[in-house]
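After this come two complexes, each holding chain A, first together with chain B and then together with chain C.
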Partner chain A sequence: MNDSSPVGTPMDETVPAPASGDQPLLRAERLRVVFRVGQRGLPAVNDVDLTVSPGETVGLVGESGSGKSTLARTLIRAYEPTSGRIVYDGQDITHASEGALKPVRRSMQMVFQDPYASLDARMSVRRIIAEPLLAHRVGSRREIRERVAQLLEDVGLPPDSGDRLPAQFSGGQRQRISIARALALETKLLIADEPVSALDVSIQAQIVNLLQDIQRDRGLAYLVIAHDLALIHEMCDRVAVLYLGEVVEEGPADHVVTNPQHPYTAALLAATPVPNPDHGRERIVLHGEPPSALDPPSGCNFHPRCPIARPHCAEESPPLAELPDGRRAACFYPGELTAVGRVDGRSQEHC
Partner chain B sequence: MSVLERRRIRLVPQGSMLLWLGFAGALVMVIVVVLGPLLQTHDPYEQLLTNRLLAPGEEGHLLGTDQLGRDLYSRTIEGFRWSLGIGFVATMIAAVLGTLVGIAAAMREGVLRTVLTRLVDMTIAFPYLVIAVAIIAVIGRGFFALSLTLGLVSWPIFARVVYAEALGLMEREYILAAQLLGVGAWRTLFTHLLPGLRPSLMVMWAFMFADLLIAESALSFLGLGAPLAAPSWGNMLSDSREYLATAWWMLLAPAIAIVVAVVTANLIGDGVAAESRRRAAQART
Partner chain C sequence: MEASSAAEQRVNASDAVGGPVLSVADLRVTFPGRAGRTLAAVNGVSFDLRRGESIGIVGESGSGKSMTALSVMRLLPPTAQVDGAISLESEDLLAKSDRQMRRVRGDRVGMVFQDPMTGLNPVRRIGSTLREAIRRHRDCTRREADDRAEEVLRSVGIPSPRERLRAYPHQLSGGLRQRVMIALALVNDPDLLIADEPTTALDSTIQAQILDLLKEQVTRSALIMITHDLGVAAELCDRIAVMYAGRVVEQGATAEVLRSPRHPYTVGLLNAAPDFSRRGRLTPIPGAPPQIGRVPTGCPFRPRCDRADATCEQWPGLEERDERLVACWYPHG
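Take a look at the complex of A and B:
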């Protein structure tokens, strides 16, 4: 990205504060994560700015390999960023040691995609949920027991679940166990990495409702990672769309999902199934595979697959520029390609 | 009653039957080790040259006598203490050392991992007889010298398996989840890693024990094992070599004892392996 762009304003260093005016709970600035692949560097996350305010739900969307999981895992410091800054609750945790992170780990939690792999099959549910309490030496044995019982109730599991093993539960119930574990301490921010995509469709809505109920009761901030725009629309206040490790569009979820300005977001939306195929959206078929981050295309990352690419797009990379409605999009021709213009009346009233 | 129904009647599955047989054998061996002297009819060390090379049953010697007139039955019983004891202590040394090195290498990337894995490679490449000669030259022949020798030549096998397995476990998402919850490395080691390694450790322990029993015999046979007069099974086999044509019974008792002990250890190893596979399959559903 560079500053000499024909359209829009250059990207601000700081991200605009959310409507509430609160200090953001989590702020990432120009975050870069580069993995070493042999002699070369693979930039999985590239110059990403992101904020999550207290009580807010932010979504990260993108296809596989877009860097959304890497970004989330870097924010919770499973990985160390190559450059940039992560500030959580006023504390710079960019390069904090595991020891310095310990207090952070009390209030920033994660729920994983796979409810099978993320729970130790040998441990009883009680021990799984008590694990964070024991690790942080919170409460006596009896208090921990009572806390676990309360958490089981909070996530809607039967009271006798504590003595059983994860193998005795369904995927949805295991995700409830995982959520209970993430709520055991004084959680402020919950990062949910594809929390429902491994579950049966009939169970997905229950888990989404549970997450929403918990957020309402406890005022948590969520960072939800998904590839499903409908889920993002349902859950999130704001959304950031990632493509090849870069944010290509970012703004209020309602605006981005119903009226995408970036052609990649439009293509994602066009790929989302609609209840009535007769009143479907226009099809936007992207050609080819996403390019490799090891060997990114010239200019705009998206131009080789973009239906509206011009010669200019191959030469210069568009900045993430603010549009009149407050959202930001990294495209020289925002709004030109839209997936909803034709028939979907409900979406149009939002624009 | 159909064939299918008849199959269901079996109380325990075949695999566990063999495991129980192994446990029963182990129990008997432990009893023999503990009761040792009470089961012996003669002093296993007492020499009586007038009674040398008696055939089984002669003069009250149940399994006969050896070239120095010592009672073979009592020596074989005493041999349980020597051979199984050496095997046990040696396997313990190998298991503890190997597990420590394997886990340390798996949990700590960087210089420590490189040093430890190279150390394991070097030890495996080193001829174990040289280590045996070196240790015996320094501390002499004896129970602990032999245990230490066997332990020091076999720990790298534990280290390699534990390292590979622990490395795989460290990649599991529940270990990452624990880290992100603020669970420290030590706690992760004791609550996730060691319980995850337990089935492999038990299986390896049983097979290693069987291997080291045979290695004990081999070293004693070469004169690098237990002290000369000690009734270890390896020593007894070594003694029998010269009298095979005239006193075949000298070979029989220690050979059978070794085979029974090795088979017992293998039954337990196989049984535990099958059981842990069955449990893993159950946990997956």
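Take a look at the complex of A and C:
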């Protein structure tokens, strides 16, 4: 940690428990995932702290290579963390065995981006949705049949869908099937990796609304991975912005997305095309591309592309420091670069 | 420059630049279906495009937007029946032989696709691909072609272009590959550039770079941008044509269409997308776009439309009002 940081204070080493007393459902502490590439180590996720509370929706946003999908897959223990800790529902699952993970996986489910690739084309929809129940040996045949019928109804599919094959459904309906499958067990945490980005625009809102209805009815926690800031803003209570495996900004989604403090978040917001000719956003076009995590830059990871970088930024890495409004940003000069311009002399702060 | 006025300024700047580069009139693309039926993929698309102008053809999967682009390039499968008229600088493209069309593609018309790997041969160096594209249409030495290839790579913002000529496609990132594809499309100074979802596979900060690059290019040629993203069209295009189930349902100046959409489908698309201005429930369009062969008669949008009644069983026709084309019996506004 450095002493010359002009803003805020570095976070404590330990993350304090929320004051309200309700424990987070999922907590990652200083999580690191390093992949071996030949003789070298590629840190895909680097010292990430993250919490998801019951009933909360947390977003992970970043570009390809930012580590957002690796982080999510590590949290469900599809990958082994290199260091750090994952606590789920009060249980340390960082290095839990497959056997110990089985009960955990009952309540932690995932929905993937591509509803064409994530459903077995030769299985009936009933079988697809029943698969988690069968894998965990939950219920009799009749109970499973009734459960599937209920799930089809819950996700808005016609009752006769169970006998059909995925190919007979549109993309939006297939994503409903994936969601039904993810809800089959006593799900507490649903991880959705780009849940609508493969769908037609007119269908995306249907799926977003369905996910929100399900959350309201069942009190699920969501971890939503997306590249689309508008979607994150719509769906999430909190968001963590990732760049090259590290969280660069984290806080309430409404603040972070509409009033970013980290220049990378500001650039992401500016780069999001909106169909509004009067949006009045500044154009911030970043030069170059994200560097390779195999060969990260010195100092701040973002400094080679950062429009406001100072020489100092190439030497020291800014800590993820808390700002007065409670969010955290890893920048020596937070809030200096904004994506918000002025139109007609009127502030567009809440455009 | 502020985004709000950029599109309008481009419209004005391009007003007096002569006759259209491209003219598409009542384009229809049909495929033979079962039992002697014909399936219409594109049903009556018309637009003119002048030098310096860009038109966005916006629609969802199956709307016919890509088929429209492929028709202009004459790259449709042989079973497709194309009717209507397509002329490039007053030359009838539909009357050209395959051989004549090969002289048009890559020379007077350049094309950029969504996935740059489909347009680049993985076992050929970038330089070799560019050189071939140049020498197919130009009589020049290898050295001259190399110089031109380097120049065009530099113009699309590729660092150290001379060295990149020796690179294979897999050695470049997705963003750089798409720049190479754009260089390939531009290498012979085309009159018309057709870009089919050129940024859909790219990250948003890279997408912004590519959109800027295309924006610069528009001043020198004309651009057809095929996209599902109204936001992308808003960034880049003077005019947009919104397609649904093979038909244009609304067409006009981009800023005007987005400010006051008239067709219920355009209204629905704008309401369905999260746009930072509000949180809370989105308003989806119910149902799903029809598959080809199952397009309803009359207005194809009527099963999903909250304004539809029995009148909509008749196709309303694309009518012009205040420089806007709208195909609806009960338009907004």
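We take it that the second predicted complex is superposed on the first by the 324 of 351 C-alpha atoms of A that agree within 3 Å, B and C clash if a C-alpha of one lies under 4 Å from a C-alpha of the other, contacts with A are read in each partner's own complex, and residues count from 1 in each chain.
Everything below uses one rule, namely that a residue touches a chain if its C-beta (ideal position, glycine included) is under 8 Å from a C-beta of that chain, and two chains touch if they have at least 3 such contacts.
In this text, all values refer to a predicted model and were calculated from it rather than measured experimentally.
Q: Specify the partner with more touching residues on chain A, choosing between chain B and chain C.
A: Between chain B and chain C, the winner on chain A residue contacts is C.
Q: In the superposed arrangement, which partner chain does A:R283 touch: chain B (first), chain C (second), both, or neither?
A: The second partner, chain C, only.
Q: Quick one: classify A:R181 as touching chain B (first), chain C (second), both or neither.
A: Once the two structures are laid over each other on A, A:R181 reaches chain B alone.
Q: Thinking of the overlay built on chain A, is A:Q109 touched by chain B (first), by chain C (second), by both, or by neither?
A: Touch partner of A:Q109: chain B, not chain C.
Q: Looking at the overlay, what does A:T258 touch: chain B (first), chain C (second), both, or neither?
A: Only chain C is touched by A:T258; chain B is not.
Q: When the two structures are overlaid on chain A, which partner does A:A135 contact: first (chain B), second (chain C), both, or neither?
A: first
Q: Enumerate the contact residues on chain C facing chain A in the complex.
A: Those in contact with chain A are residues 2-4, 7, 60-61, 173-176, 203-209, 211-212, 228-235, 254-255, 258-259, 268-270, 272-277, 279, 281-286, 288-289, 304.
Q: Which positions of chain A touch chain B when the two form their complex?
A: By the definition above, chain A touches chain B via 76, 78, 98, 101-102, 105-106, 109-110, 112, 114, 116-123, 127, 131-132, 134-136, 165-167, 178, 181, 185.
Q: Any idea which chain B residues touch chain A in the complex?
A: Residues 172-174, 176-184, 187, 191-192, 195-196, 282-285.
Q: Which residues of chain A touch chain C once you look at their complex with the stated criterion?
A: Residues of chain A touching chain C: 63-64, 170-173, 200-206, 208-209, 212, 227-231, 233-234, 254, 257-258, 267-268, 270-281, 283, 285-287, 289, 341, 343, 350-351.
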